[in-house]
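Read from first to last, the chains carry the letters A, B, C, D, E and F; within each, the first residue is number 1.
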Amino acid sequence: MSAQAPIEYRDADAEIRAVFDDIKRTRQVDEVNNFWKYLAHDPATLKRTWESIKAIMAPGALDARTKEMVYLAVSVTNGCAYCIASHGAAARKAGMSEAMFGELMAVVGMANETNRLANGYRVPVDAAFDR
Amino acid sequence: MSAQAPIEYRDADAEIRAVFDDIKRTRQVDEVNNFWKYLAHDPATLKRTWESIKAIMAPGALDARTKEMVYLAVSVTNGCAYCIASHGAAARKAGMSEAMFGELMAVVGMANETNRLANGYRVPVDAAFDR
Amino acid sequence: MSAQAPIEYRDADAEIRAVFDDIKRTRQVDEVNNFWKYLAHDPATLKRTWESIKAIMAPGALDARTKEMVYLAVSVTNGCAYCIASHGAAARKAGMSEAMFGELMAVVGMANETNRLANGYRVPVDAAFDR
Amino acid sequence: MSAQAPIEYRDADAEIRAVFDDIKRTRQVDEVNNFWKYLAHDPATLKRTWESIKAIMAPGALDARTKEMVYLAVSVTNGCAYCIASHGAAARKAGMSEAMFGELMAVVGMANETNRLANGYRVPVDAAFDR
Amino acid sequence: MSAQAPIEYRDADAEIRAVFDDIKRTRQVDEVNNFWKYLAHDPATLKRTWESIKAIMAPGALDARTKEMVYLAVSVTNGCAYCIASHGAAARKAGMSEAMFGELMAVVGMANETNRLANGYRVPVDAAFDR
Amino acid sequence: MSAQAPIEYRDADAEIRAVFDDIKRTRQVDEVNNFWKYLAHDPATLKRTWESIKAIMAPGALDARTKEMVYLAVSVTNGCAYCIASHGAAARKAGMSEAMFGELMAVVGMANETNRLANGYRVPVDAAFDR
């Protein structure tokens, strides 16, 4: 079994199917996306990753849309093409408008710029921020 | 004049003071933080960066608190110690509770993890995300 | 001669061929992979990079398989698609099983997550680690 | 309760103490390190992170020492000062000799270099790696 | 209007066309490249980004070629495929020879390597550098 | 011998002293900086790294000042505090004025910003750049 091919539901064993079923039920989708089909090569990582994401992405002090936008912001910063595609779709599904997307990208771009200006100018942390 | 020392208001010329004054007025603070005092070594960059941040961080389709939390998420991903300190303070000032901070960090951590799982398993983008 | 095209053995001069020959002999392969064919545009970098890799990747206190897995872990963290493909193949050739790959990815993912949690919570280094 | 202060065992509630106790028992240490004391501000993240690390870092197809060295390699690549200190200590405790550390750093350095050479020369993935 | 499609000149409104026209005039090109056509989904970001780049990339204390090479060095370090392609082309147009490109990549590769060696060995900043 | 302490010239063996002597001669300094004193824990890495840097940083198609500025740009992008301090000093020694530093930082900041805008908008590479 090669790590290079996705594991489809019809070829999956009971342990993997249980996770796929829970993803489909929780997200109300007909099929899991590629990420889970590849992760299924390691059932322990599949199960742990899904359970962590399920707990973390559930609405709490932050709503689901904000969480998906933060996920997208991190993925854009890291340049993960798959994650930008999948979490961009998820954020839109959770209600991110194109105006929100535009502002999100503007903040992400600016943060990446000023992170480097702070590094380059070797700016020391203000005492007020350490109190 | 060394790039290693901050430029204080009392030592700044009119061009720099105009930016410092606008920062203090906009943010309703008595003093600008270190980032601006160091950036003042290059007045053109000081002015452009401030005007960009002022425009980008103003409430729009996204509220100010969400924008500061996204700024923090990017800074944490990049490991910029100064920016984590300053935008953590800014996000709290804009209303981020400790419960929100906890959930924000959980999302940032998980996104950084799954970004690498997607890289490592070489997951191709689902056709559904490219439509 | 464009930097966009690989330099094939038949078109290479003696200096480049000497490096290609040493790669083929050392790795017991019939052809060098694309990385070397592109690097051949700068013979000095080609030679220095190959000699460094040859010395560094030889078994020593760490065995070849562990070294290839570390190389893969770094490449996954940086999101270098070419390097993930080539060092994934090299690690498997050096004996990395799919179970090892799964555990490697789990560690890489977790390290990328906790690196950000440590950043975000601004955790100071324990005195015990600085002794 | 500020996110800026560690939560000590004596001030922790039962939920946090249960995690701290399991860390101390599993790692056979008298006190948990700062990472856990800060994460305790978010008990759900504390518990999930510890349980994930406990499962992932247990010896399996890869031994504990190799896993700690991979953790260190990722932390060095990301430049996480806290994680470099703590996982450097953990790797040494798990048997990493100074010779192993030297070779590990050489591989990490070289991988970071060639990741960028592959990016810069825009090297396409060899067909052989995609089979 | 989807963020996934470029906005062509013929479909652009007056605000966007004004920016496109200024880019074409400044760079003496017949058509703007994809980056601007996608950014046009957010006219405010389009305008601000162009005006910042126009000011920053104009020859000053550093010439245009050096600036484009630095832009390329950053893009290679971050692994941004689009930016490597576009700023590689721009640097060549500004006079970067293949010999310069080769030396640039050698420096970028080495810097990425020694950045990690400095991290991994936890090297403290020399007093001489902080004066 | 701990990896945490620098190796001073007086305590170094002949192999390490030979490298230290060459660094001092080449750079015309009285003492090597901390980076080399820590790397001396692994004499093979010390020697290889120095010889690579010596070859790469020598003036060629690019002058020494440009090379040091590129080194600084990469270090700022990666957030390596040690390298920012040491290569900032080296670039100034090689003739980088404060005006040049200001422009360099502006380019580095802008490149880091637009790298993420290109990622986030998922901009495809223009056909013209692939010719």
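FYI, a residue touches a chain if its C-beta (ideal position, glycine included) is under 8 Å from a C-beta of that chain, and two chains touch if they have at least 3 such contacts.
All values reported here derive from a predicted model rather than from experimental measurement.
K.L.:
Chains shared as neighbours by chain A and chain F?
P.N.:
B, C, D, E
K.L.:
Farthest chain from chain E, going by mean C-alpha coordinates, please.
P.N.:
D
K.L.:
Measuring between Cα centroids, what's the chain most distant from chain F?
P.N.:
It is A whose centre lies farthest from that of chain F.
K.L.:
Given that chain A and chain B are copies of one sequence and touch, is their interface built from the same residue numbers on both sides (over half shared) or different ones?
P.N.:
Homomeric contact, same residues on both sides for the most part.
K.L.:
When the centre of a chain is set as the mean of its C-alpha atoms, what distance in Å lies between chain B and chain C?
P.N.:
The separation of the two C-alpha centroids amounts to 34 Å.
K.L.:
Cα centroid separation between chain B and chain F, in whole Å?
P.N.:
Inter-chain centre distance comes to 27 Å.
K.L.:
Hey, how far is the Cα centre of chain C from the one of chain D, in Å?
P.N.:
21
K.L.:
Enumerate the residues of chain E that touch no fewer than two other chains.
P.N.:
3-4, 41, 44-45, 48-49, 52, 77-81, 85, 88, 102-106, 108-110, 112-115, 117, 119, 121-122, 130
K.L.:
Based on the touch definition given at the start, go ahead and assign the chain network to line, ring, star, complete or other.
P.N.:
Graph shape, chains as nodes and touching pairs as edges: complete.
K.L.:
What does chain E use to touch chain F in their complex?
P.N.:
Checking each residue of chain E against chain F gives 3-4, 33-35, 38-39, 41, 45, 49, 52-53, 56-57, 60-62, 66-67, 69-71, 73-75, 77-78, 80-83, 85-89, 97, 99-100, 102-104, 106-108, 110-115, 117-119, 121-126, 128-130.
K.L.:
Can you check the complex and tell me which residues of chain C touch chain F?
P.N.:
Interface residues on chain C, with respect to chain F: 4, 44, 48, 52, 55, 130.
K.L.:
Which chain C residues qualify as touching chain B in the complex?
P.N.:
72, 76-77, 79, 81, 84-85, 88, 104-105, 108-110, 112-117, 119-122
K.L.:
So in the complex, the part of chain B that touches chain D is made up of which residues?
P.N.:
The contact residues of chain B facing chain D are 79, 98, 101-103, 105-106, 109.
K.L.:
Taking the complex as given, what residues does chain E use to touch chain A?
P.N.:
Residue list for chain E touching chain A: 1, 3, 41-42, 44-45, 48-49, 78-80.
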